[in-house]
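Take this structure, written in structure tokens, and hold onto it; I'll ask about it next.
To keep things simple, chains are lettered A, B, C, D, E and F as they appear, and every chain counts its residues starting from 1.
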Amino acid sequence: MFKHTRKLQYNAKPDRPDPLMARRLQESLGGQWGEVTGMMSYLSQGWSSTGSEKYKDLLLDTGTEEIAHVEMISTMIARLLEGAPIYAEADAYKSDPALAAVMGGMDPEHAIVHGLTASLNNPNGAAWNAGYATSSGNLVADMRFNVVRESEARLQVSRLYYMTRDEGIRDMLKFLLARETQHQLQFMKAQEELEDKYGVVVPGDMKDIEHTKYSHVLMNFSDGDGSRAFEGQVAKDGEKFTYQENPEAMGGVPTFKPADPHLHNDQG
Amino acid sequence: MFKHTRKLQYNAKPDRPDPLMARRLQESLGGQWGEVTGMMSYLSQGWSSTGSEKYKDLLLDTGTEEIAHVEMISTMIARLLEGAPIYAEADAYKSDPALAAVMGGMDPEHAIVHGLTASLNNPNGAAWNAGYATSSGNLVADMRFNVVRESEARLQVSRLYYMTRDEGIRDMLKFLLARETQHQLQFMKAQEELEDKYGVVVPGDMKDIEHTKYSHVLMNFSDGDGSRAFEGQVAKDGEKFTYQENPEAMGGVPTFKPADPHLHNDQG
Amino acid sequence: MFKHTRKLQYNAKPDRPDPLMARRLQESLGGQWGEVTGMMSYLSQGWSSTGSEKYKDLLLDTGTEEIAHVEMISTMIARLLEGAPIYAEADAYKSDPALAAVMGGMDPEHAIVHGLTASLNNPNGAAWNAGYATSSGNLVADMRFNVVRESEARLQVSRLYYMTRDEGIRDMLKFLLARETQHQLQFMKAQEELEDKYGVVVPGDMKDIEHTKYSHVLMNFSDGDGSRAFEGQVAKDGEKFTYQENPEAMGGVPTFKPADPHLHNDQG
Amino acid sequence: MFKHTRKLQYNAKPDRPDPLMARRLQESLGGQWGEVTGMMSYLSQGWSSTGSEKYKDLLLDTGTEEIAHVEMISTMIARLLEGAPIYAEADAYKSDPALAAVMGGMDPEHAIVHGLTASLNNPNGAAWNAGYATSSGNLVADMRFNVVRESEARLQVSRLYYMTRDEGIRDMLKFLLARETQHQLQFMKAQEELEDKYGVVVPGDMKDIEHTKYSHVLMNFSDGDGSRAFEGQVAKDGEKFTYQENPEAMGGVPTFKPADPHLHNDQG
Amino acid sequence: MFKHTRKLQYNAKPDRPDPLMARRLQESLGGQWGEVTGMMSYLSQGWSSTGSEKYKDLLLDTGTEEIAHVEMISTMIARLLEGAPIYAEADAYKSDPALAAVMGGMDPEHAIVHGLTASLNNPNGAAWNAGYATSSGNLVADMRFNVVRESEARLQVSRLYYMTRDEGIRDMLKFLLARETQHQLQFMKAQEELEDKYGVVVPGDMKDIEHTKYSHVLMNFSDGDGSRAFEGQVAKDGEKFTYQENPEAMGGVPTFKPADPHLHNDQG
Amino acid sequence: MFKHTRKLQYNAKPDRPDPLMARRLQESLGGQWGEVTGMMSYLSQGWSSTGSEKYKDLLLDTGTEEIAHVEMISTMIARLLEGAPIYAEADAYKSDPALAAVMGGMDPEHAIVHGLTASLNNPNGAAWNAGYATSSGNLVADMRFNVVRESEARLQVSRLYYMTRDEGIRDMLKFLLARETQHQLQFMKAQEELEDKYGVVVPGDMKDIEHTKYSHVLMNFSDGDGSRAFEGQVAKDGEKFTYQENPEAMGGVPTFKPADPHLHNDQG
């Protein structure tokens, strides 16, 4: 169960409105790697955890924090949209090209649909969907996913940082950068502990089942030399990579029985 | 540019048809972490690579192999669907409950839409979409994503393995397990090299910008003790985690200017 | 069954082309609350109605009118796109910034995909989908949905109204505003009749089953005071709201059996 | 900012596992009208509120409660999936038709993707998406939406109630039914207050602008008599409905200028 | 503008309920090639037509008919769902495997979401979306699309035909088969007329611009011989196909400038 | 199985960067009719083919070529994005309106998400999804689909051609135009051969089953005269079209049994 305080976790106050930056920040809210993806993935993983209480709690703590990040970015976006140009009076694209560019570059749905407040979309208006989130029950895989979530998110925040000189926005982004550093590092630590326990290749207990003959072979399918560069190196599981210049097609030319005529498939 | 041989990379021949297993295998084809996600992510990353030729080639070799995996699984699914029950004659759910269960558990679109061949969907019929794939230009983040892709995919193949006793299907899955071992290990190796070069926190050059005061703090937002367990441990970047029992809400209660009346928002 | 006349229900003729306004009007066509949502929801509800012929007919009348609204807006958009700048000659973003802003702000798919005619998308190019529509069989719930559809749609039309000074566009919007007034009012009237019959809480016959102890309690989960303001007020079903300052977590800490090891979940 | 307790808001403990019921409950979690839609809509509306603190707090209190409902249903689903049949040993659809039916009726992704825990999807595996949620800035419209959300959700819970005899599941559903009663009633109350302030037709201040001639006319587009039944009745804004048996097509037959030849459109 | 009669275009009355067939018929309603795709594509093309009144009218006549087909199938589905098993009493998957199979194979949302009436989804519950429809302004391309729509739709209806022995369902399918014959033939006829006018390769006036050297070459990218079989044959534009056994990669190895460091891309 | 060469099939080198053109070209990559749709459709059709080796090979050859087209366009887009304006320094929309227009018209995700390289989306940022692709098992229908894919794609490339004067982009587009000519023609040829074998109406063997009375009737549902224009003409199957001015509604007014009360549907 959850409780809410009206206070934000950190400042979310721009120096001045900027509807183009409002649009860009939607990436960190409703984009593939935005805060909603973090929030929904970590909470789901925590709620679904059938194992260690320690990791379950780490996930729920971080998921709970991410709700606060969605809150901060939503607040920031609404403030960046204050007074954004929407009127025909402006008739911007005829007489005032700079204003016109703002109107052209804004997300038109910010005004029409949301009354100049945040959406749950990315900057191109694609609605957030749960196909971005992950919860598999296997914590090694999912901790790795969480490190990626924080890596791609921090990368995007870093790019956003250079797209504005507004010190208020930058202040919030500096906080998010720091938290994404922490989250990357904590999930890596959990990942390492879990790898120690379950093995480095996920999942860890299928080694005796797989066709091991093919499990350390760099297969070359091109006229490039890059894959060969890893030949002889030691993989994280302690074995060495070998290299196959011309991997054979071992499966033969597939044939099928003719389909039932009532399917109206091609009958050859 | 690409060339194709009609021969499959490996065997994709079940001992006997099984339309329920055909449906389940769609996860490895068109699911969030299926082979199409691998193929489209690695190829995109390779084509977009503006850096090292070595990693570009590794990505394109692996992406090219994944096309062959999509081909193998498509072939396997079509074979598993041979002779699947579709006729009213069966009228299965009245007289033959076992057959009825097969008809109920099949993907009805396999017959109606695809003439008993594979789709590009997951087992619930959700169409593959590019929101599953990733290509960011930052190879540390993307190599991490690739390790996750191979981890979640191998996890799913491992679960699928126990869902059948068909030795033909298992033979193919054993091959996929092995290749996903290799791909996990090779992308980890590339990830490590790139972390050595660019730093372990992605992206590596924002440390002087972020609010470092918050970048190694485990924040507790619950009555659970799990996060505290990491206190004092050394993070992968060499610094130690601290722990904050009661993180403060530092951002104040947000206020907004009343919206322009022509937006018809609530005016308070 | 349906019949069509080539004549539009009302005027859809702008004074002059305006490709930015064409893009914005896509919200009223293919957006979440646009006319396609109205048309498909009301028709589906009507076709699915297993009850009163009166409401079925009201729904089908209104759904049939909405097809004509989609037709009018499609026509308007095509006319607004007549002569829109698409040529490289313009090379607008270098020499003519006002024109550049138009080109930047247009929906590029209007030209590339649709030959400067309407799409079935919203202004951000998201394709209309049936997840926007509703047909539940329960007419109280669905009439309420229909009132919302007309409310959000009229709100958007109101915002669009101030985004143009084109008297031709405004003429059409004034007609749509009026029809959305009518549709709000008629669906409210139907809703009231149905509430009288089936009860104000949907669905109306579960009162003896629910845990009534919790059915009139304003629960506070924050440090805000807003919810308390409703304390003691009379709800629409005649009972009074009570207020709970600190709602208890009554469900205990959940525990799970360890997952089957073959699932490769975390085992704790 | 948010805090979490490991304790659930209410019981979420089935008497025994039931993977088919687990699948059905996904509707209340990730479906169009499920708890995630409530949670994301109310939180977004609260965070975007530029008006009264009272309604903002009501929205955030309810949104915060909904997170706890998602948590409860996720927990319930994971428990219902404990020990679900996944093994080939069962080979269910050949020898044990009852077991086969369970396997056929389960969501195969529950096992393959989520390790027998909850997803963020509906029972057909469609991923939750933000196109289900609404936040417009206009609180009359949005409170109406919220009443609908609680109406459709309670309707679905009512239907789910009769699909099981498990007293543990029913206990949780009885609690959800009660809370959805409360939420319907509280949002209706807020809606009424806001209608008193802003007018009953949303938005309230466009009356002088719209073509009022068409704003209280029941238009008949069919050979049905249902719409006529409302003729002469008093609408909620105090005016009477009139009825038009044969609404005229007032807009003429639309014509277009021939498209620019470089668009390769049909030239007539 | 449109008018509606309560009478269906043709019979839609099954001999008896069959919830599995109800699910399958959703393909013809809300699937990729279902009637909604026809209806929305033909109406959009008609409304967007900037050319010949003749084709515009053909499109609008057929689009108007398709609304009636959606109506018929919606009606059929609701009737097939009458009395479908939804109760726990059945507890079907324990005691009555045949009934269990029905419950397992039904679309659970038919009951939970739609009260046993039709949805706007396909049999796997994927919501219809406008990405299935097409309206390009170019009538040759779009008439071809329409022929495909009618071809894939008729194929699916043909497969559905053999999945039931219910004479009521079959009666409706026989009517749909006939109309899809007519629609294929009429759109082919229109396509031919338009090809005569605009040329057989769409669009018809780019021949002098394209690199004609590559426009009649069968390029072989495999070890298969199939493409060669067309060598020397006369294409529909009167020219002969040539065959290239080993197409050359003419574009060189692409290189990029290193990305701006602030993007944090790999720098090589 | 596939092999890759680092060399592109053809030149993909613009004369100079142009981020607006980069955005537009996404249509040919990840749009409904873009190269990914071609690649995934032809490969799927080829892998699913249960009939003639000749068509299977033609499909796989063309599908393999399309991967190379995706590669070329991805390369072109990354090059067009080199040096695109992303910095706040520009602060473009205030001081330099021409630059502002570029920034407003760019896809913001090109910079934020992809580090100025290509995405798998269309120009409006909608992710490619498998609902655009088709593979039915029936090669007549699918060859027709393929002709449409190449027609709509070539139409879009033709429109894109006039949107730039960059000779490097045009060079690549001229090559694509040529290949799309070839692919249209080769699929038409295959279609004709298959029509000769299986009949012109798809599928070819349902003629004796359908209600033939309705299979050559142009039905008029409007006050337009266009459909009548085809009266008496000979359809491609050799029969003549007849015309019905006022098609009768033959299906009667549908009635339903009242729904089970536990569904809480309207009871009339």
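Here, contacts are C-beta pairs under 8 Å (C-beta built on N, C-alpha and C of every residue); 3 or more make two chains touch, one makes a residue touch a chain.
Which chain is which protein? Per UniProt: A, B, C, D, E, F = Manganese catalase.
Keep in mind the model is a prediction, meaning the values are calculated, not measured.
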item	value
Intersection of contact partners for chain B (Manganese catalase) and chain E (Manganese catalase)	A, C, D, F
Steps needed, at minimum, to go from chain D (Manganese catalase) to chain F (Manganese catalase) via contacts	1
Count of contact steps on the shortest path from chain C (Manganese catalase) to chain E (Manganese catalase)	1
Same or different contact residues where chain F (Manganese catalase) meets its copy chain B (Manganese catalase), judged by the half mark	same
Chain whose mean Cα position lies farthest from chain E (Manganese catalase)	A
Label of the chain whose CA centroid is most distant from the centroid of chain B (Manganese catalase)	C
Intercentroid distance (Cα basis), chain E (Manganese catalase) paired with chain D (Manganese catalase), Å	28
Residue list for chain B (Manganese catalase), restricted to those that touch at least two other chains	1-9, 32, 50, 52-53, 55, 57, 60-61, 64-65, 75, 78, 86-87, 97-98, 100-101, 104-105, 111, 113, 115-117, 121, 124-127, 129, 131, 136-138, 155, 158-159, 162, 202-203, 221-222, 224, 247, 249, 251, 256-257, 259, 262-265
Contact graph of the chains (line, ring, star, complete, other)	complete
Sites on chain A (Manganese catalase) touched by chain F (Manganese catalase) in the complex	20, 23-24, 27, 31-33, 97-98, 100-102, 104-106, 122-126, 156, 159-160, 162-166, 221-224, 247, 249, 251, 256-259, 261, 263-268
Chain A (Manganese catalase) residues touching chain E (Manganese catalase) - in the complex, by the definition given at the top	155, 158-159, 162, 262-264
Chain E (Manganese catalase) partner contacts - residues on chain F (Manganese catalase) that touch it in the complex	5-12, 32, 52-58, 60-61, 64-65, 72, 75, 78-79, 82-83, 86-87, 111, 115-117, 126, 129, 131-132, 134, 136, 138, 140-141, 144-145, 147-148, 151-152, 154-155, 158, 161, 174-175, 177-179, 181-182, 184-186, 188-190, 192, 200-203, 206-207, 209-222, 224-227, 229-230, 233, 235-237, 241, 247, 249-254, 256-257, 259-260, 262-265
Residue ranges of chain B (Manganese catalase) in contact with chain E (Manganese catalase) within the complex	1-7, 49-53, 55, 86-89, 91-95, 97-98, 100-101, 103-105, 107-109, 111-113, 115, 121, 124-127, 137-139, 194, 198, 202-205
Residues of chain A (Manganese catalase) touching chain D (Manganese catalase) in the complex	1-9, 30, 36, 40, 43-44, 47-48, 50, 57, 60-61, 64-65, 67-68, 70-71, 74-75, 78, 113-121, 127-131, 133, 135-138
